[in-house]
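As structure tokens, here come the structures.
Shared between the two complexes below is chain A, which pairs with chain B and chain C, respectively.
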Partner chain A sequence: MPSIGNAQLKLLEKLCNACAVSGDEGEVRGIVLEEIKNHADDIKVDALGNILARRTGSGSKRLRVMLSAHMDEVGLMLVGDDGEGLFRFEIVGGIDVRHLPGKAVLVGKEHLPGVIGARPIHLTTAEELKHQIPLDDLRIDTGPGDSKVKPGDRAVFATRFQRNGPVIIAKALDNRLGVVTLVELIKNSPPNIDLLAAFTVQEEIGMRGAKVAAYSFNPDLGIAVDATPSYDLPDWEGEENFSYNTKLGLGPAIYIGDRDILSDPRLVRWMSDTSKAIGIPCQFRQPGSGGTDAGAIHRARAGVPSLSVSVPHRYSHTAASIARLDDWKNTFALLHAALGRLTPAILASESG
Partner chain B sequence: MTDILPFLKTLLSAPGLSGYEDPAAELISSRWTPLVSELSRGRLGSLHGFLPGSGNDPRPSVMIAAHMDVIGLMVTGIEDGFLRITQVGGVDPRVLPGTLVTVYATRTERQSIPAVVVQPPVSLLPPGTGLNSVPLEYLFVDTGLPPRKVAELVNIGDVISFAQLPFELSGETIAGHSLDNRSSVAALTICLEELQSRPHIWDVWAVATSQEEVSLGGAIASTFELHPAIAIAVDVTFAKGPGASDWRTSPLGKGPTLCMGPNIHPALYKAMQSLADKLEIPYSLEYAPRHTGTDGYATQVVAEGIPTLVMGIPLRYMHTPVEMVALKDIQRAGRLLAEFIAGLQSDFMEKITWDN
Partner chain C sequence: MKNLIQKLTETFSPSGYEPAIRAVIRDEVKPLADEIRVDALGNLITRKGSKAKNGKRIMLAGHMDEIGLMATHIDEHGFIRFTGLGGIRPLALIGGRVRFTDGTPGVIGSDRLTDPSKVPTLEQCFIDVGASSRKDCPVKLGDVCAFERPFVDLGNRMIAKSMDDRIGCAVMIETMRTLKASPHELYFVFTTQEEVGTRGASTSAFGVDPDLGLSLDVTGTGDTPKASKMEVSLGLGPAVKIKDGGMLADPRIVNWMIRTAEKGKIPYQREILEGGTTDARAIQVARAGVPAGCLSIPSRYIHSPSEMVDTGDVLGAVKLLVALLSSPVDL
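Our next item is the complex of A and B:
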């Protein structure tokens, strides 16, 4: 059975350490194209920068299944040069400004180093400490010498991938976990389907890549493979935490509904039935806000029944996210098994 | 002059929170071994290196002191595998969310565990605390390990340091945590290297002090034990940069600062300033109208009182994981110290007098 092992962890490390802020996904695109070049029947890069890869099955009555994993990550864009190596910047995607001070960053295609500092605490008043440091007061400091850094460059947190036994710590686990999962699904695509893989751009700023990718593929159904937050921390008063979204260690998170889409109930049942049948744990993500490429895919053309399956992870959109290896392994195993069981009968069955 | 960068980078990668300085002391000790004739540890953990002078007995001695301890965090509780924390030294909680740290776990065997400082979501915080800066008491440190494993490994009181590795920036600058005050330890090292080939009459005590960030304990105890004729405290000072531009700040990369104020003996200050002018070593003047916030505050009032001088190395973003220093300022501070020591004559103390 194909599974997530050392080779996949190596690829995840390479992809997490790469920089691909929404709208500037080239570095990840290059790595993915190299990985899949011998494993698809047809590969193209579309007008927005999505990778569209097709792997045709061999059985009769094959469903055309679109699988989508976004390549982009949240990050920063330099927007003004203050001189002396200091740059103003803006946020691209959902980063809480409170996660920026005190962080090292990498700028531009050459990964040039910089820092986002903060006023020394010795010079800070008690009143100032009560308030978050506004974006307007922050600068990326690349050092006072000559620098190749310039406005327009993108920047990401400089976090290096780390593994500690069952724990993975890295930036951009959202969604490099999904990207590697989809690479492996292409390499191990079951013959009963046509696999239409979209490595999408600009998910973090409105799922813009998935919208055009779904139009191009015109699939029978769509599945977004992503990473979803786990807010499974203790409550400050020791009350039960009822808004955890997902929990680490409970396996892949199946979406029932989010800000943009109610998942197709036939697909939810197919995925959870597969979980029971093969003995792989899964969890239902608490319905609520948030969104994935599925929100865009289900609206394509005359409509596409869609679902999201995500790897749970903590501290999405910060310098350092945490995931557990087992949750990722189980996400891949569940998706792989589910695709192998997929027949047109699933969509023919009565919905609801 | 040898390249100080490799040693500094190694030193920055070692822990050494106030009161727990051993890992730093060991690295400094092995670097200083060929440079001094004796090495010892003070009773509160400072490292003492002795370099004898060439003058007749009894010779006066000069102490050059730089604290080796750093700020950080400490475990105060464990909830469901998440660590509650407090600070060791002054930490702005607003630089913590998303910061990579290392937990030095001691419950079973000593083990370094990578972890992250966590700002919990609004829904898990008391009403009114989640939308602005979140106070330290509500932050967690998360190793990602299952709660059972954390309970096995971690003790209340285990120390936590920033994990940001040092890296070079443009303009011959370096960024990382613990540049406060390992930069000054590097300057002392450069001074000791220079003195290998420079005759000096006075004895020299190079001291890497402990506990500066919490109590100045190391400097107090070592100054008493070594009883130098004069003490020079070398510490980082605020560099001009984003968020810091008032009179308390000095330019980055334009030389060390010479500090004046009540902690400093004016005759020592004048002697150092005229030496820097003569050698054309760039420097900035720094004004400390009260406490200098350095070991110099302690050394001055040890025993019957010790004439004290404070030298600063400008540093941006003090007490964050991304402090920033210009390597040139470290080198200039080291060289100026060595020149000062080499120029000390037997009768120098007779000139350390008060104007009326």
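Our next item is the complex of A and C:
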């Protein structure tokens, strides 16, 4: 049975340490293209920068299944040069400004070092400590004299990938976990389907890549493979925490509904039935806000039954997230088994 | 027609979970349509007639779904936390009853409020189905429910949950029944997921690829005490939409509708709605663009469990729609 092992962890490390802020996904795209080049029947890069890879099955009556994993990550963009190596910047995608001061960053394609400066506590008044520092007052400091850094360059947190037994700590686990999962699904695509793999761009700023990728593929059904936040910490005062989104250790998170899509109930049943049949745990993500590429895929053309399956991880969209290796292994195993069981009968009944 | 409206409004089908209402509507339209299909998002697409030489392919859209709630967590005592499907206001919830799609009834309560003069947030509300533990709660995470409230006939007015937009569906069904002859290829589309962002209309409009589109939906009124200013009242006829929060109706469509109403001596109102939108927005921007408009049925208390419409306005909407579809359209 194919599974997530050392080779996949190595690839995850390489991808998490790469920089690919929305709109500037070239570094991750290059790594993915190299990984899949001998494993797909057809590979192209579309006008927006999505990788569209097709692997044709061999059975009769094959469903055309689009799987999507976004390559981009949230980050920063330099927008103004104040001189002396100080740069004004904007946030790309969703990052809480409170997480920024004092963080080391990597700037541009050459990963040049910088820091989001913060005032030392010695020089801060008690009153100032009560207030958040607005984005307008923050600067990325790269030190003087480095002419290679320019406005328009992207920056990411300088966190390096680390593995500690069952735990993975890194930036951009959202969604390099999904990217490696999809690479492995291409390599181990079951013969009963045509796998249409989209490594998409610009998900974090509104699923722009997935929208055009789904139009191109025009698939029978769509699955977004992503990473979703957990906030499964104990609540205060012994109260029950009822807004955790997902919990670590309970396996892949199946979406029932989010801001952009109500998952096709037929696909939800297929995925949870597979989980029971093969004895792999799964959990339902709490319906609510947030979104994935599935939101764009299901509205493509005349409509595509769609679903999201995500790896849960804590501290998403911050400098360092934590995921559990088991959740990731189970996510791959569930998707691989589910695809292997897929027949056109799933769409024979009407949606609902 | 009131029996039809009662049947439609007493069916439970929140956004994304429309099989029950689709079955009810399919039974009604089966003898009236030349072709019926259901697309990937669950839209019920029915065709009536074909294009004569001077005819067009026209898409009529009324949404089958209604606003509802979706369970997000069952706590250890069996209380259900939830999120909204569509525009849910906590003010319309407390003390209200709901019914899940499997028939389970429940009542909505809220956490104790530290300031009773404040409206609770959605997160402070919960559903009680009479369970006493997580284990004996029949509701699971992801299950959906809608308001429970019977249809009431006041003669010249009617009250029900989900008049938005079962009344639009009823007008379409009644039009299919009444319409004698049409030069057009008519697609009566009963759409899904309007309340969460006109999603069904956007995929069905791509599939139907119409020359012209009209939605049938409710609109607000300004005729209740201290209402927000709006030039629409119950009882003055169906409303011809000029603009809403998401769409500028094609002026040629507006003129065609007004011309037809005046010719047929059908009372009508001109409508400008500040917030909200309808399926027409999605139809208008489908593919390379579609001239689109909306015929509205004025309604009070929209998105509450008791939405009120005027019987004369509803009958007027049928009359106007029949007149619009009976003759060639020259925009």
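A few notes on this one:
FYI, the second predicted complex is superposed on the first by the 348 of 352 C-alpha atoms of A that agree within 3 Å, B and C clash if a C-alpha of one lies under 4 Å from a C-alpha of the other, contacts with A are read in each partner's own complex, and residues count from 1 in each chain.
The criterion applied here is as follows: contacts are C-beta pairs under 8 Å (C-beta built on N, C-alpha and C of every residue); 3 or more make two chains touch, one makes a residue touch a chain.
In this text the structure is predicted, and so the values were computed from the model without any measurement.
In the superposition on chain A, A:N218 makes contact with neither chain B nor chain C. After overlaying the two complexes on the shared chain, residue contacts for A:I256 are found with chain C alone; chain B is out of touch.
When both complexes are overlaid on chain A, the residue A:Q162 reaches chain B alone and has no touch with chain C.
Once the two complexes are laid over each other on the shared chain, residue contacts for A:I322 go to chain B alone; chain C is not touched.
Set against each other, chain B and chain C touch different numbers of residues in chain A, with B touching more. After overlaying the two complexes on the shared chain, residue contacts for A:S3 are found with neither chain B nor chain C. In the superposed pair of complexes, A:R301 makes contact with chain C only, with no contact to chain B.
Contact with both chain B and chain C is seen for A:S243 once the two complexes are overlaid on the shared chain. Within the superposed three-chain model, A:I121 lies in touch with chain B and out of touch with chain C [touch as defined at top].
Contacts of chain A with chain B, set against its contacts with chain C after fitting on chain A, overlap at residues 243.
Across the complex, chain A meets chain B through its residues 85-86, 96, 98-99, 101-104, 112-124, 129-133, 137-139, 141-147, 157-160, 162, 164-169, 231, 233-237, 241, 243, 248-249, 314-315, 318-320, 322-324.
By the touch rule above, chain C contacts chain A in their complex via residues 15-19, 22, 38-43, 70-73, 75-76, 81, 83, 85, 123, 141-142, 192-193, 196-197, 199-200, 202-204, 206-207. Those residues of chain B that touch chain A in the shared complex are 79-80, 82, 90-100, 113-114, 116, 118-121, 123-126, 132-134, 138, 140, 142-146, 164-165, 167-173, 175, 238, 241-244, 246, 248, 252-253, 293, 316-324, 326. Of all residues in chain A, only 240, 242-243, 256-257, 260-262, 265, 268, 284, 286-288, 298-299, 301-305, 347, 350-352 touch chain C in the complex they form.
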